[in-house]
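My questions all concern the structure below.
A, B, C, D, E and F are the chain letters, set down in written order, and residue numbers restart from 1 in every chain.
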């Protein structure tokens, strides 16, 4: 059975994408009612990166990175690759050569529910990756998969053109259709949080700021 | 069923606590006959922190951080929060707003057998956390728990007022009653280790320093 | 039953070893046809180290580090210790005192399918360790094991005198007999990769550089 | 933010569903080009069950089973419940009381990426469950979720009205739109496999039955 | 440092213990407000056992079963052994010889956060074990531990003389002081559940039986 | 790079093999000084099997079962297949068709550090498998590996012609060279264990049977 490469996908405007990056994973997830975060085994290969981009998806065979050569051509400025093998694999699918090609096209990073290698080089190049594994073992190029079809990566459904936000807190998926609304809600939350942060820094308690004392008493909380 | 907040706990003198911090997890655990360390999945969210403090404990519902608002009020200078959900949860219970409030009260860090978020901000603020997970997904505020009751966190029993020591080697619990003795034994070990370190740096072998050759021979060790 | 210490092992020339270190784990594994890498749970205790050395092996009882005192005497310039317990253990077998003794003898690092402690000190000393666990809990010295016998560490067979390459991508084993050939193949790969890196940086695609378009079409890949 | 219950979903004809059950997970997955299987941590609570049904989906808060009371009313003959918490939870969401209610409505089983309890009773009642965990600890009823929205369960996207096939090999999802085609392909495979099984039982080799010897030689396989 | 064996512990009356066994893990945990269950990696080595007994605790060195010989003498009719190593170990501490000795003394089973072996023999003998691992590898007898001191096993604090309830849902700890009350509450729950089971079997819905419709509406649940 | 099939291997006499099967994993491992057992994640797909056989080894690409077709031809009466992928894979490599072919040749079972499927059929056929995973997802046939070369499976080195013993306690490897001696030692242990079992059944204590009281006292054990 053959795979398919979908060439044209509907991307989110980069102004929206970039504002979501600024908000970061925790705020964006909160703005989506605590949804969107991939499983916590997806970790950055080095600390400190915070990016957002349009998802270009790859459904890839286990331990076979042929399709990554295919997907490079489909990428453009502001994209993030999202790759999931069809069964578990810790092989090192991705290294500095792919990153060189992707950086040239303006790709901002990689999310892979598999293995990554050359992590020291990738850090030096400034190409961030969130992966399930780090492993030196490479892959073959024998079996095809598909590009820009709906996939599931680390517990989250990802459609091509969804926005991916990734930082030290992990990876969050923002559906294409709600990206602008989530950005707006994220901004509102940031403003509200800034006010509360100032209160907490001044010594006020969340119990009072949020008016929780009565509700806790009603639930039966007792002080002894 | 309601929860309970115990207001008054018996803390260890901070002079003892601070000396234990200086010794660090490995030495303190050794001084307790190889006990006290939480399971190794409890990792610092950033490297380099070394703290000790009096445990303020929270038994918390899974994926519900309401009780963290409650516990802030019970904290004071030199405390460390120790939080365990009543069943497994990787949700992100804790972020920079809580840390702001806790820093204001002199709390030194957090130990949580669950998820943490805003880890880049927490590093910037200098609020160290040892957690089982890092995850952007937040929690609800619907169900109550208890503060300052005996809990189990990552395999170790923790009572309010026990001393927590945490560094890059993980987290160690020192029971309230033996804190001073453990401090003394830790100091003695440091002195002994300093002497042995000098011998090893000079090329002496542990086999000779500790007089092990005869015992190994008696056990049947053979050189070929 | 007694253990055995094999004193004389056949080491690989350090010129070969050092060139393998320069190539690093990913290239060396590729030069071995995607073999040699230990399981990805073997992680460096701090980032940035890249070493190679001759394997000195230790089969060690779980939670008992007596044999590490024994093995120090068998080590020499350019060695790397490789230690596996005979059943699972997360105990902290190794700390800064051992590292002091090993550095004195020119040992370059430690690979252990168990626990390590004093990790902040080890980073400061510049003694790199790749371990399965980090844990403050120490071990006893009651039961003997063997030095320089064939072992399995984290999924890979290791014989004394094999070359170990370790960096941020993990740990790779190069059999003694093929070390020179793997070095040569690694160098050839580096040259080839440098050429391809330049092409990718210039915007060429792997699809064209490697002539993959026809093969993908033959496999049934479709563009829509 | 409120949840939503979608009352009307488009189910697959039970004749198709039942034929898929007969084929079982391995054949159905093969007929889908090796896709559709949930992660292997989804295990039956007792061996020997083989079912298929129309998916009724629930996105549920961690450690909160309120929505299971809601979903019962939406179930009908031939359905299978598929439940995923929005963050990891090993709590025991489901037991024999729910199973009693669901059996009454003709529900055939439960797939839950969380915990199940009363497993001995469920086996006695003949209500099969595939879960990630078995745990006695129960849940609260405080927070709402949604019924019959698209979810991800154990690595697979599940839409309401997809067909779920589950047996001792795990759980497989068949998309609604392709259920009939997958059934047909599964039947064709069973016939082909029956012929090959007879050949293998008679001592023929796959190397000959599938004509693999030349291809293996071309790949470079050598016999020594 | 030496270990200690506490000879005299305060056991719970076996009439209470036996009634708790009849209720089983899920009910007893519910009667304790969803607490008491060990982590779900504690699994029975064979299905179908349901026991309760007075906890006799052992803090044991990793991969060393010497103390199991010590504890046999301290056991009596109606006891359950609860064993935790001081650091992780998957070694096979326990087999049919120990079970023979314990059965002779009326011990009902074993809970061990480590490895067990001879599982086929143990099933044949009818000696149930809940363990974290099953492994053939045995242990040494070199290092002492303690009997009948407070321990933590699989996430739960266990004191000597607490009641252990174990069945196919896992293992639950009932503190000595509340055992009678938990029994009473368990019985009350069973009666209530029996009534509800009859209603559900008759087709009533939990939404109505528990009067949930209004509360769900107030929370914002919408039907579409 | 091509793979290799080694046709002629030196097998252990089946009389020795069969006697080792009778002893079982725990006794055989004990007779090897607590070595030989694979990691405990290798579990039987159904309970109750106890086998031994000569190892026929396969180093296999991840998620590719082509080489299993190759190895069938190399198998004979009394063999056990031992298969390890070169990087982690949970794919279902093996099912009832392969088992049909292998049973015809007298193969006794399969050990695979990967996935297995058709487990209900395999149980019905009486073809036992010890695997790391059970998963319905199949594999491709694109890349070659090697047959009858030394491999590592689940933590143990396995050479072709070693004896594999497998039962409900897991899988144990007996090196070819020591198989007869291990059989003899296993028999001696069984006789000794039978005598001790009788003593324990009569109420004697290990403390007295093994004369441990003095040694424990010398170690510092105290009774209170």
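We adopt the following convention: contacts are C-beta pairs under 8 Å (C-beta built on N, C-alpha and C of every residue); 3 or more make two chains touch, one makes a residue touch a chain.
Quick caveat: nothing in here was measured; it's all calculated off a predicted structure.
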{"item": "Chains touching both chain A and chain E", "value": "B, C, D, F"}
{"item": "When chain D is superposed on chain F by its C-alpha atoms, the rotation angle in degrees, nearest 5", "value": "120"}
{"item": "Interface copy of D-E among D-F, A-F or B-D, judged by whether over half of the contact pairs recur", "value": "D-F"}
{"item": "Selected interface, B-D versus A-C, where C-beta contact pairs are more numerous", "value": "A-C"}
{"item": "Between chain B and chain E, centroid-to-centroid distance (C-alpha), Å", "value": "28"}
{"item": "Whole-Å gap separating chain B and chain F, where each centre is the average of the chain's CA atoms", "value": "41"}
{"item": "Geometric centre distance via CA averages, chain B-chain A, whole Å", "value": "31"}
{"item": "Shared interface positions of chain A, touching two or more other chains", "value": "1, 34-35, 37, 39-40, 86-88, 90-91, 115, 135, 137, 140, 143"}
{"item": "Chains touching one another, given as label pairs in label order", "value": "A-B, A-C, A-D, A-F, B-C, B-D, B-E, C-E, C-F, D-E, D-F, E-F"}
{"item": "Residues of chain A touching chain F in the complex", "value": "61-63, 86-91, 115, 135, 137, 140, 142-143"}
{"item": "Partner chain C, residues of chain B touching it in the complex", "value": "24-26, 28-30, 34-37, 39-40, 43, 47-48, 50, 167-170, 172, 193, 196-197, 200-207, 210, 212, 216, 219-224"}
{"item": "Touching residues (chain side chain D, partner chain A) in the complex", "value": "1, 33-35, 37, 39-40, 86-88, 150, 152, 155-157"}
{"item": "Residues on chain D engaged by chain E in the complex (per definition of touch)", "value": "1-7, 46, 66, 69-70, 72-73, 90-92, 95-98, 100-101, 104-105, 115, 117-120, 133-141, 143-144"}
